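To start, the structure itself, in structure tokens.
We call the chains A, B, C, D and E, going by the order they appear; numbering starts again at 1 in every chain.
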Amino acid sequence: MSESFLEISGVQAGYGDVRVLWDISISVKEGEIACIVGSNGAGKTTLLNTISGIVKPTAGSIKLDGQELVGTLPDGVLKAGIAHVPEGRRLFKGLSVQDNLMLGSYLRNDREAIKEDLEFVYEIFPRLKERATQDATTMSGGEQQMCAIGRGIMSRPRLLMIDELSLGLAPRLVDRLSETLLEINKAGLTILLVEQDVMTAFEIARHGFVIETGRVTVSDTTEALGDNPKIKEAYMGI
Amino acid sequence: DDDVLVIGAPLALTGGLADEGKKQQDVWKLWLEKINAAGGIDVAGKKMQVKFVEYDYQTDGKRAGQLAEKLITDDEVDVIMAPFGSGHTKIIAAVAERYQVPMLACVASSVSVYDQGFKYLFGTLAPNTGMTESMVEFFKEKNPELKKVAVYGRDDVFPKSMATALANSAESGGLDVVYNELYAVGTMDHSAAISAIKSANPDWVYMTGYTQDLILGRKQLADMGVNTPIVTMVTGPAYREYTEGVGELADGVTSSTWWHHSTAYTNAVGAWSTTADFYADFTAAYKSDPDYVSASCAAAADVLVNAVQVAGSKDKQAVRDALAATDILTFYGPIDFGDNGMNQGREMPIIQVQGEEIKVLYPASIADAEMKMIK
Amino acid sequence: MDIIQILLNGIVLGSLYACIAIGFSLVWGVLNIINMLHGSFIILGGYLAFFAWQYSGVNPVFLLPIIATALFGLGYLLQYFFINKVVSSPVLTTLTLTFGLDMILYNLMTVFFTATPRRVTLDLGTVNLGDMYLPVDRLMGMGLALFLTALLFVVMRASKIGRAIVAVRMDRQAATLMGIRVNNVYAITFGIGAFMAGAAGVIFSMVFPITTNLTGTFLGKAFIICVIGGLGSVPGALIGGIALGLIESFAGYTIGPQNATTVGFVLMLFLLIVRPTGLVGVKGYE
Amino acid sequence: MKQFLYFGVFALWVAMIAATPLLADNYTIRIAISIAMFSGMAVSWNFIGGFTGYPSFSTAAFFGLGCYAGAIAQRNGIPLVMAWLLATLFVAVFAAMLGAIILRLKGHYFAIGSIAIVDLTRLITSSWGSLTGGGDGLNVPLLQGSPQEVSALVLYVMLAILIVAFLTSIYVDRSRLGFGLKCISQNEEAADMVGVNTTSFKVVAYTLSAVFCGAIGAVYASWVGYIDPTDSFSILLTLKVPVMVLLGGAGTLLGPVLGAGVFVMLEEVFWANFLEWNRAILGGIIVFLIFFLPNGLLKIQYRTLFGMLMQKLREAPKEAEKSS
Amino acid sequence: MTEILRLENVSKSFGGNHAVNDVSFSLEEGEIIGLIGPNGAGKTTLVNLITGVHPLTSGKVIFAGEDVSKQQAFQAARRGLARTFQIVQPFPNMTVLENVAAGALFGGGTGSVQDALESAHQELKFVGLDAVADTPASALALPNRKRLELAKSLAMRPKFLLLDEVNAGLNASEIDGALDLIRKIAARGVTILIIEHLMKVVLSISQRILVLHHGELIAQGDPRTVIEDPQVVEAYLGSKFAARVKAESHHV
């Protein structure tokens, strides 16, 4: 019944003795695009890692559609429906583009549907189809980002988390990818975006969270955030 | 302690030569029991106890030298017994020589061990050459058709010297050496060489190596259809592991050896006065036939005791001189060290596997079977 | 006619060699571990086969699945409880660790099995094709080796675990994000390596005399084959093995057995330098 | 400061080893020689394996070539010391030429390439019977003198080599060369980019890792009086030396010396007391060290060690849970 | 003004893929040049060709009047051709100071380790990293790593500096600081070629822009003309961004 789809409350996490996330509460509605912004080292990547089970939180709860995910291993989180496109793409070297995409569907057993999804990915990223047999890591940055997003889609997630979507991408491509994301979102996929390019992020997303040194400081609609003078100054350089 | 004769023995109890090392250990244990049963040995009218100090050098040459030094300086042994094999014997001989401690090499037969002018080194085995010459003559006599021989040996001190000696003896004996190659230590397959041997079409195949090489070699000879009437493997059939590992194919394989238990020496000096006594004691203790390693090692201990008795003390110099003058008969055969310290040549047995048993073909004095050709 | 016999010898021997190397290559390629235990695993498989055969009289071919599975278990546990803890350290650390483990295993084997060479004496005879002789046990060994290679190839290429293995090899954390349990995959990979070693040991016990002294020799062969064929590649190991078998066979025949091994090494060094990825470059699922 | 400490500790240690002929029997001296020998080889290996971070397993090849070059030179009438120097030079030239070829390899490929060199040199030595005696091995003229004189002489020569190697490593550590080697070990591509001539730096390090081993081999051959291919080019030696360095602390100055000393003495103790099981015990120690002292003895923080132990114990059951 | 770098018909292919195709241009000493182009256009490859990381398939690279087409990477560094990596490449376990000293010692030709450490100190002050001089490089956060990369290159006393996406991953306000730094470097007389996808950076700093597409040079000239070139808009900017950039550039 809950309106909020991803519900994070009071999450604390870190690496070893270093606490990075102090108290994070975020909620994302089903079917929307939300974005997280914040300066370098604020803990955005750490938050995504915590959601996907790579980093274990020391306190708090993470729920997807009511299901508690804290304590679940990464494969459980993926099964629950959360896919994570990591920062820096992390494609598998030595494997072709297609093999990389197929690894996204590692936990699935529905062959037919996997095939369909592969076709879907090739449809939204025709460049990948052209390069289907090339070693994925020898492609240019933008091509790799497409492949990484495609790989995320291949698990047929309910929530897709993308870390640093536009990092190192040509403006036109960022534009294209944004459109594609909107398209995918329309098809019913909830998206959580971490983005350095705040302008782009606010254009795509409906809701935004600002994280500073491990705490959510502002949370509002992107429209409102875009008008917030503090945010304009700190993150948009205006 | 003056009343205890301490014998030091670095042995390969683990590693590549572990089986040989264990044999040495076993026979000395038997020998010592015998001596102890008699309350020790009589030296200059007094009883002297005998003690072995053994260390495992793990078939590692560096370690062997180190342990020899430990035995001499730390355990203050009176004499050193060398381990199996010419290579390691050489390493230990260098240490013993430096310290002027008498050393008995009971399982080293390569002349290169003895030609360094060492004064304290004595070996109970006889030179290889004696063995190969009589073998060529004997086989020629038994098989007048014999013309061509293939020689195939392991590139290691003893097997190599046997192979070289046989190739020389065969040539001077008028045979045609149609194949003469060595194989590297660690070779896992002989099919290439055996194909080459096969196309050379010999009447006699002579192969040397360690037991595992020879098991494989014998099997591959059969597999590749090399059917020569004579197959000789040195030292193969002398070991039980060989006949077990080869199975039926062992039948008819000949070999030469420094000693065989069917020799029948009597009135011998030492722990056992006849070969038969030794054989009886050994089989009772270990449920298997003794081979030349066991016999030679036991005999070396006998020679040593004899030298101490002759010298009347365990003074190293005196014992060394007594050893050099040794000329005795043991259950293992006559022992008379030549100028280089090696036991003088004598007739050495040629043996053959016949059925389940090892038969002696030569010399006639101890032969208990006729030579069979392999069909 | 000789030439065909030598060719056949080389191929048969090469298939057996491939069997030695596959597990080693897989572990090296995927886990980035030079597994010094590999030679001892093979010997252990061989001794187990010998004693089981001696005790039960059952043809080792039928014992193979049991023994190989036992080694899988051993490998799995060793990896899971020991090697996994240092799996991302530099080559030298993991190598030293497996070297230490090997010293223990080797010592245990020499104490329990002694160094006495053992062979399963089935002596199945030979098949004659005109002038050619092919020993049945070797042919059988070759058949088994090829079968296992093919099986592993299919597993690596077509099965999920195969894909997971490749992914883990490339990027541990990214693989986690695909839902792959990395420690488990590592342990399975190491287990598969041990399985193949155990199987090779069983096959060898029927063809060669097995002794603990051979552990180093097996390891050396595995090294060469990996370099010739390329790391972590199943077809690579097969090609590398057969190439080495042929080289040794031809070189042994023409320039003598003593130099044949040297030729293998020279070739390996040469290949390393001109083509470090081996004849079959490391790519994809292999 | 730190430098002085290194010098001090090293000097003290060397003095202790050097004193053995005055205090102990020849067997102890032999152990001292072993320690000096292995320390020298470990310090040598540290140039390539520690500073440069290249997992080289060529040590036995250099040692063996040193043995044979020295032995052959002596058998051809070259005086003792000349023969040693000649062998050293030969090994250095060999390593430099070889390095130019195999240092193009990286990581695991370099590791195998370097280990293959050991087997290759052994096989060639073994097949080249006319020069090397092949599998028969070679007898080397024995050093003249009483056992005490000979072992003292060998000990002092080995120690001299060790000292030279150690001083070289201090010099390298402080120099441009050492700095470049460290850059290479951290990130070779970046090193190339800041202008380190990586190829020649690596060749120098590889040659340094060879030259002292060659010298030690030549002296060793004269000492034992007999060499053969299996013992001279032993794979065990090639593996032991890096383990010693790792044990002490790779890339540090004192680590190799410490590691070699501890290793040789441990080996000795187990040898003497646990005949049948010494190999397993040594293996167990290595495994233990890898887990608990991954950076070597020199880098132990004794206080954290205990904590780590407790943590590992606590973690073990958790790890098992996680995967079930 | 003197020419410092000239490329003559430079091409590079990986297998059948022509990553850089017949590119020629020439750069003047003291310029700041922007290099833009879609992902996979061959920008990084071009940097690799200029600095000797990859051998050329064909063509020539002339640096300061000398044909350097066959140089190796370390030689480029010693000639004064320094670069940063798109993915930062520090010496992770060395301190920040030592990282920079490596640049001074090998690329900058400083005589001794001591001198190198001293000049490294100066460069660290220059880029504002002196506070973290003794921390290991691996402990730095991304913006500081990028600055370290810069300091390392500067210590090499380059005549020519190639910056491959040094600002990627920084947010708008962090970028301002980085731009100031680059301007300060230029003021030292270093010629700079800067690759960046952030239009704000490229437009505000470059005197001239080169546009690469499918490995070919499709446009070059002053920033304003270039971004209005329909070919560039089509291949790289996209109409939306073109409009946004135009609007922003009125701001600046």
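The criterion applied here is as follows: a residue touches a chain if its C-beta (ideal position, glycine included) is under 8 Å from a C-beta of that chain, and two chains touch if they have at least 3 such contacts.
In this text the structure is predicted, and so the values were computed from the model without any measurement.
Of all chains in the assembly, those touching chain C and also chain D are B.
With steps allowed only between chains in touch, the distance from chain B over to chain E comes to 2.
Listing every chain that touches chain A and chain B alike gives C. Set side by side, the interfaces B-C and A-C show unequal numbers of C-beta pairs in contact, with more at B-C. Farthest from chain C, judged by the mean position of CA atoms in each chain, is E.
With centres set at the average Cα position, the gap from chain A to chain D is 51 Å.
We define each chain's centre as the mean of its Cα atoms; on that basis chain D and chain E are separated by 44 Å. A separation of 37 Å divides the Cα centre of chain B from that of chain D.
The distance from the centre of chain C to the centre of chain E, with each centre set as the mean of the Cα atoms, comes to 49 Å. Shared interface positions of chain A, i.e. residues touching 2 or more other chains, are given as 73. Residue positions 14, 155, 182, 184 of chain B each touch two or more of the other chains.
Residue positions of chain C touching 2 or more other chains, listed in rising order: 107, 181, 216, 220, 258, 261-262.
Chain pairs that touch, as defined above: A-C, A-E, B-C, B-D, C-D, D-E. Of all residues in chain E, those touching chain A in their complex are 14, 36-41, 86-87, 141-143, 165, 168-176, 197, 199-200, 235-238, 240-241, 244-245, 251.
For chain D in complex with chain C, the touching residues are 49, 53, 55, 101-102, 104-105, 107-109, 111-113, 115-117, 119-120, 123-124, 126-127, 235, 239, 242-243, 246, 250, 276-280, 282-287, 290-291, 294, 319, 322-323. Taken in their complex, chain A has these residues touching chain C: 52, 54, 73-75, 78-79, 83-84, 86, 90-96, 99, 102-104, 106-107, 135, 151, 155.
By the touch criterion stated above, chain C contacts chain B in their complex at residues 2, 5-6, 9-10, 12-13, 107, 110, 114-119, 121, 123, 126, 128, 133, 135, 138, 208-209, 211, 213-214, 216-217, 220-221, 248-253, 256-258, 260-262.
Residues 28, 32, 34, 36, 80, 82, 85-86, 89-93, 95-97, 99-104, 106-108, 111, 181, 183-184, 216, 220, 223-224, 226-227, 231, 258-259, 261-262, 265-266, 268-269, 272-273, 276 of chain C touch chain D in their complex.
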